[in-house]
Every structure is written in C-alpha cells, then in structure tokens.
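Presented sequentially are two complexes of chain A, the first with chain B as partner and the second with chain C.
This part shows the complex of A and B:
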C-alpha cells in the first residue's frame, strides 16, 4: 500500500462525507429523528394544565385498542384497501390492453385514462362533488330519469366510503396503466404470432401468456396501491370529513384529526407508530419478493 | 367476426375513456353556465364566464399561484442540489460507512413523510419555519427517492470519461459538474416533472404548516374556498377548480409524452 493510495482513500472519504452531509442532515431532521421522537412521545401521557406529561409506557396503545372509533377506522381502511387495490389494478390492466391494441382514437383514449393522475386530489374531490350532491348532482339527475329516489351518497354511512373509494380508483388507475403499458411493449411480437398460428383464442393468449409475463409489474403496482391506501386521504377533507359517524374515516385522516383537531399528540403518535410498523412489513415483503425475482433472472 | 371484436374493443375503450374524463367535462360544463342551467343540464343554455370572474374575486388566487410556484421551485432546487451531491457520493466514491448510510436512506423510502406529520410539525415550528414556504418545502428536499434515482443514473456513466476529465486536471466537483450532470439530463427532466406535479398537488402537509394567505398553496386555498361553510355554489367551485388545475393540465396535454416517460422512469427506478 503506497502512501499515494492511502492519501487517495482518505481524500475520497472526506469528499464522500462532505457531499453526503447536506442530505444526511435533512434526512435526520425530517425523517429519522421524527420517527424516533414519535416512538418516544407515544409513551407519554398528554399534558394538561393541571397534570404535566408523564411516562405511561404502552398506555396510549391500550387506549387505542380499547377505542371503538380506532377499530372502526382500521376496518374502514382495510375495506378501502381491499376494494381499491384489486379494482384499480383490474381497470389499469384493461386500460393498458386497450391502449396497446390497434383501436381507433388511441391517443385520445390514453390521454383520457392518464389525465386524473395529474390533478390534485383536492381538485378531484371538487369535481366529484358535482356528481354526489343530493338532488342537484349528476348521479341523482341520472337516477331521476329512471324514477329512482334522490340519494345522499356522501351523507349516509352505507355509501360514504364507497363514494371515497370510487374517487381513489378514478385517480390512480390511469397511473398504474402506464406501468402495464410499458411492460406490454416488452412482450415480443412473435409470441402473439405463434399463438395466432396455433389458433389460440385471444382470451387464452391473454390469460396464459400476457398475464404471467405481467406478474412482476402487477406486484410492483400492488405495493404502490397498498401505500396509496394509506396515503390518499386528501379527498376526505372535501367530501365527507370522515363522516357520517366515522363511516368513511381512514387512518391517516384520524391521525391528523387526533393531532390537529383534538390536540392529542400522544395518541396520534401511537397510531403513527402502528402505521409505520405495517408499512415496514410491506417493505419487508417487497424486499423478500424482489430478492426472489433477482434469483430467477 | 374479427372486425366485430375489434369494434367492441374500440367501443369499450372509448366508452371507458369518456367515463374517465366525464368529471372534468361536467366541471367544464358547470363552470361555463349559470348554476341553475348547470344543475338542470340545460343543453341549450347560454355560455358565460361569470363564474370564473366571481371565483377569481373570491380569494387571493394570484397569491396562491405564486405561492405554489415558489414552493415547487424551492423544493426542486433543493432536491437537485442535495440529491446530486448525495447520489454522486453513493455512486462513485468509496468511503467507510457508505453501505450502512445507504440502507438508512432506503429505509426513508418506506417512512412516508405524510405519516410523520405530528413530529415534523413540531420540528418545523422549533426551527421557526412555521407558515413559511421553506417550512413546507424542507422535509421533501433530501428525497431518498431522488438520491436513489441519481445514484442509478451516475452509475451508468462510463469510468473512462471520469478518468479523462481527471487527467485534464478537473477536480472532483468539476468532474461532477462537467461530466456527470450533463449526462444525467434525462433523469433530471424526469425527476423534475414528477417532483413538480407531486408538490403542485400536495395538500395535507401544506395544510398543516401554512396558516395565512401569504404562504398558502393553491390546493389549500382551493379547499378553503370550496368549504361548505362558505356557501359557494357548484358552478363557482367548478370554475375555481378548473382555474387551479389549468397550468399543470395544459402543461400535461402539451408535453404528454415526456410526462408519461417521466412517471415511468421514476416509478420503475
């Protein structure tokens, strides 16, 4: 080991850390420290004027597990995920197959599918408000043509969450489509030709050849859809505010409400930790899966 | 038979496309007609721009536009600088602790900034950045995703170019600036489009951190403007909504190809 190589190594180390430091500082300040601080503050009681905060261990978590609204919100979010993930994947696939086939007006079709992706969720909610408003909304107008009674889609517990779900699917399906579209374009033409020569029906070709080849894309999209089912809550602020009687409240909205409407930071922190734990689990599953895929290649 | 199935395909695809843009079309319809004509779907009613005029006068939109523009610019500049430096360090330099730090950065990909609102709010207040545009933008600047993207892009640069620049007497930062950054232009463009459209549309965090019309971005302004307490009717809400999405929507319609490519590149990593 010459002195020169040693010097070069030290130079690289200094440069490396110097270049990294601005990002490292911000990541620490806005990601790592807050994560640990959240864990820490979830173990303290909420301070009031008479009673200062004190260490309570897992008391906040116990409170949450005893809170019926918490379970209602968890149930809502599972339902939200359970519907939005498969339905938006299915629609995205149909869109991609169509947008990739030789149909007329293909450019228009692609643009129409993708457009909701570039709109803010708040704007999307405003657009859908026009559909859902009882009496005046488009859905009611269409219903009244067929003699159906007016429905308060956002105002009744049975339909409020569905109304939210539809907006989410509308927003994300076109985004997922582009990943399918990209994957479809990598499928070699000769597979289709071979299938045609064999006289395979289009349905069989799609099911036996296209879908298996799209599997990695589907898993990638599924992970994204799962993250979205935690993240996409902006439209709640416009459409339902979680109501009526918590029927459409989702976890992140509840965290926001807990912290910034009820000023109960410790319970919000406890809930945040639970969400991070679930997201971590998703991440672990994805890493495990990605590992497997690289072995296949 | 074949032509029938092709017709059905076109029909289905176009029907879905029409359903998909229907909310936008209805909003456009509502915004350009009087409220009563809009809700009665009176097809032959006169067109009007009054709703836009009323909506424009109802809130400091120009200020909101400027705020959003400033916000996405500040975030983008911060992201470009931070992710370029960090991505270069991860891609081309050897130093102790590199792998460990890289794993830490990857972990941040899964801790969504949205989830940490409570503590990040406390942090921003502590730094005295509450209700400032910098406060809204700062948590997003050291984007783990951006660092990862830049690292991948820099790794693809041939080492010969690096060596050649060094022999010419270029320092390390000079090499980064003259060799790596120009070659990563497509990545920067893709990242910029994704970043701008993400933050143009972001809502929850700006809602928490801003507290005055001086800093409020469009999305937050729009949500306040449309709140039922304000009693604004559907035509005016539609007009305000279309106004606030117009810049991004028009940009998308013009540069559609680049947008789709950008989202693809950014998504697949």
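This part shows the complex of A and C:
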C-alpha cells in the first residue's frame, strides 16, 4: 500500500477516535467505572470499627439469596413489572389509536393524556396520596356516596402494591402514547384506503397492518417500560415507603434502604450487580430475538 | 332498450368547506374502455376518481356501476380495484402477501388464492419475487406489484391514480404499453388519472379533460387534438400546444375573436409574403426537428417546427403564414365557434 493511502487511513482513524472520545470519557467516568467499582465492592465485607473490611468473594451474594426479604422484594418487582409493562403499553396503544383518529378536540385529548408525564413523579405521588388517603381521600369520598366502607388502600398488604402499580401505569401510559402517536403518523393514509377497497375491517387492518408496522416502536417502549419498572420508585417514598411489611417494596428501594438507611454498602452493591445482570440479559433477549421478527421501514 | 353504460356519473359535486372540489361531473364510461381523466394539478381529477372509488362521498349527484346505484356504498361494495400513486404497498408484507391480501380478507380458499396469485404474478412478470419485501424492489417492480394486486381479484373496474408518476421517463414508456396491453387482454374497464397528456393521449379511448373542478371536454384523443372545445383545451393538449392569436392583429378576420393554429401548420415564408411578422425568441433542438419559439404582441405560444437541426438566432424577424383550413376559431369567451 502506498504511503499516501496509509497516511489517509491513519488520519481517518484519528478523526474517528476524536469523535468517539467525548462519549467514551463520559461513559467511562459515569457508567463503566462505577459498574466495575460496584462489582469490586460487592466482594468485600461490611467494615465495622472492630472488624475492618476484608475480601469475602461471593459471600454477600449468598447472604442475599438466604434473605427472605430479598426474595419478597424480587417477587414484588416481578409482579410489578408483569402488570405495569403490558398494561401501560396496551393503554398507550389504545389511547394513541384513539387520539390519532379523526375526533373533535383531538389536541385536547392528546394534551390530557400527556399531562401525567410532565408531572414530576413526587408531585404525582402526592396527588395520588390525596386520592388514596382513607376517610379524606377522593376514592373513599366517592365510595361513601355509594355506602361502601372506608378502605386504606396504601395501608394494607393486599392493596398497597396494586395502588403503586396503578400510579405507575397512570404516569407511564401517556408517555408511551406519544411514541405510538409519532409512529402512527408515519403510516401513510393510503394504506388504509387500499385496505378499505379490499373490504378490510377496522380490526383486521389494525391487526394485520398497523400493529406490525408499530413493532419497532413497541420494542423500544417495551425496553423502556422494563427499565422503568426497576428504576421508577420515587412514588414509593411518598406513598408507602415499601410497606406495610414489605408488601410494596421494590428492588431499587431496597437497595437504597440497604445503602443509606442500614449503611450496608456491600450488600447494596451485590444487589445492584444482580439487577444490572438481569436487565442486560432481558434487553439482549428483546433486541436479538424480537429484532429479527420486527420490520423496520 | 339499449344497455346502459358500465359506469355512470350523474351530476356529481363535491365541495371542501365551501371551496370547490368538483362540480357537475357527468360521465358515461362503457364497459371495457380505457378512460383517462386529464388536467393540471388541482383540477379535481383525483377527487373524481376517489368519489368513484368510494373513498369520498359526493355532496350531490349519483354514481352507478354496472347498473347499481353505489352513490353511498362503501368502497369494498363497489367491486373495483385501485392502483395508488404511491402504490400503497404494505411494507412489512412480502410481494405474495401483498397481492393476496384482499383475497385473504374476503376468505378465498387457499388453493384458489395460490392459483390467482400465480396468474397475477405471471401476467405482471413478477414470478420469482414472491418472497421479497417492497423495500427490496425497484420502483418499476413495486409498480407491477401494485398492478398485480389490482388484477388478482378479477374485478371488472380498475381505477388508477397517476400510477406512473414515480417512474423515470424510460420506464414510464414501457409500463404505459404494459398497462394498455393488460387492459385489452383482460377486457377490464380502466379509469386512469394523469396530468401527463402524453399518457392520456397514447393510452386512452376516451380522454376527459378537466379544469377547476369542471369537465372541459370529453372525447377521443384525436377529437381533443383536432377540435378543442375551448382555448383551455387548445392550450393544454398537444406538444407544443396550440398557438392562440387575437384577430385584431390579422386582417381579414372578424375583430374580437381568437384563432388557434398548431405549430405543424405554420410555415416560414420570405419577408413581406407572410400573414404575420414575428420575432424569434428561442430555438429548441428536439432531434428530428427544431422548435422555433416566436414572439408577437397579440399572440401566445406561437411557434413553428423546422426539420432537422436548424437553429435560428434570437431576435431575428421572420414572416409566417398558415392556411385558413387549419385554423380553429374561438369567441371572446374562449368557446369554439362552429367550423
């Protein structure tokens, strides 16, 4: 190869690295290094005044697996994800299809649906606290009109997690709707007309044409919903603080508790590593498996 | 009793929020014919087609297809197929799935579906492409998929909305012939919307020329070319279009009229012998002939054809003449006068 071509190639390589470096530096400092540091600290014991930290290998993980609260929290979180992900996606899709059709006051409908998204989660949680509060809350007030007894939605183990789930769905669905709305706008009007001429029912059109064309969006939303089901816990601080008796405690809240309420950083680190591993695995499955079955335009 | 035409539009009008869409469209289309709706953009030709398809409902008038009043019927009850300008192919479905989509919706048995699919792909030359997605096809191939989808169900009426406008010029020529042949071989009735007069004139049995939501003239291509109803038709049809000359500029004519004459009927004559004197404003070499554009204060679109390469310098003064038998006379409102 001539020296000239070599020089050009090197120039291109340097140029490429320069473009990459800002993102690489930021990711290294704020994502890669903390992950590795967390992994590292999860293999050490918790230091006390009398017993300094020492390397314990997988001992912290063993502790976690033996901890019944950990399993309770995992079960809670799986249930929470299992309900919030499909329901919020379903509601978002239904709202988007409706807000995209030719209805009057379409702008109002879209804004109304989107409002929960722009509210900070803490504010939303306070709002719902006002709904849920026994006696004073809106739900109880409405219930009392029909002679129903007062219910402490947030205070009993059977309903606390459900109450949390409903707030999350209410918060997320409008956000996901925006993505669906954007995707729906990219479907050309004449596909509907072509289907109409063939005598396609609205349901068949939605199932055979619209849903497949929305698949890339659904995939994107599903990944986001999954991540949110782990990281969106602000409302727990306001509504239940994980109680009663851990009935509404989610993993991230438990990690926070472990690290900053019980000051047990190594166990919190171990739990964090487990969460990262599971999230990474699920995202990989979603992308590599569903991606093949998805049509991108 | 004579058999009524296959498709009848009777006094159709459609207005958009008070704005004009189409007005007073009445049209008889015999079975097995090729009808072109021609006109500049915004003339209402696509609206007329969409009204016929049932994608829009008319504000006034009636539509009959095969003797049945379908004015308010759903598109699917009109037994017709349609080719869209954008082709409207379903991007996530393969060629085969796109073509049989309608058959599947109508629950045609699988075996029959396969036979019809094979035949439609054979006719359109798409065998071997069954499993491709539209995104993996060229523009011409996509166009043929749209055609295959239109003919697979065997509907007797096929509507086409500018099906060639997304193809390049060379392909357009060959597809034009294919569509015409397809229409003849299958014996179907085609209503074809286009803004390209070459397409309309070369393919159609009947051309319907529209402007501002009104029909200007209905006739054979030859009819539109040789006896235009009004000055709009005269100026729209033909390349180059007919030149229009105010009679005030000419001696021997009644004042206040407009006469039209086509480029092929104008001759250049030596100075002093012509009926008009004009200035050359451009020379355009077309291959077998050269088109000389001429300026005259009282005329529009005046030009003359000279054989071979024969450019003339801009600004030259030349005299032209023409025979009275080739003239078209229009009144002050632009309507054709008898003769």
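Everything below uses one rule, namely that the second predicted complex is superposed on the first by the 256 of 297 C-alpha atoms of A that agree within 3 Å, B and C clash if a C-alpha of one lies under 4 Å from a C-alpha of the other, contacts with A are read in each partner's own complex, and residues count from 1 in each chain.
Operating definition for what follows: contacts are C-beta pairs under 8 Å (C-beta built on N, C-alpha and C of every residue); 3 or more make two chains touch, one makes a residue touch a chain.
On a predicted model such as this, the values are computed, not experimentally measured, just so you know.
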Given the superposition on chain A, which partner contacts more residues in chain A: chain B or chain C? B
Counting only touches as set out at the top, which of chain B and chain C does A:16 meet: first, second, both, neither? first
In the overlaid three-chain picture, which partner chain does A:129 touch, first (chain B) or second (chain C), both, or neither? first
Just chain B (first), just chain C (second), both, or neither: which does A:227 touch? first
Please work out whether A:200 is in contact with chain B alone, chain C alone, both, or neither, and reply first, second, both or neither. second
If you stack the two complexes on chain A, which partner ends up touching A:117: first (chain B), second (chain C), both, or neither? first
Both chain B and chain C contact which residues of chain A? none
Looking at the complex, which residues from chain A come into contact with chain C? 188, 190-191, 193-201, 204, 208-209, 212-213, 215, 295, 297
Please output the residues of chain B touching chain A within their complex, sorted ascending. 5-6, 9-10, 12-14, 16-18, 20-21, 23-24, 26-27, 30, 39, 41, 81-83, 85-86, 88-90, 93-96, 98, 101, 104-105, 108-123, 138-139, 141-142, 144, 147, 172, 197, 200-204, 207-208, 218-219, 222-223, 226, 234, 237-238, 240-241, 244-245, 248-249, 252-253, 256, 259-260, 263-264, 267-268
Along chain C, where are the residues that touch chain A in the complex? 53-55, 74-77, 80-82, 84-86, 88, 90-92, 101-102, 105-106, 133, 135, 149, 153
Across the complex, what residues on chain A touch chain B? 9, 12-13, 15-17, 19-20, 22-27, 29-35, 37-38, 41, 91, 94-95, 98-99, 101-106, 108-109, 111-124, 126-131, 133, 136, 138, 141, 170, 174-175, 178-179, 182, 202, 220, 224, 227, 230-231, 233-234, 237-238, 252, 255-256, 259-260, 265, 268-269, 272, 275-276, 279-280, 282-283
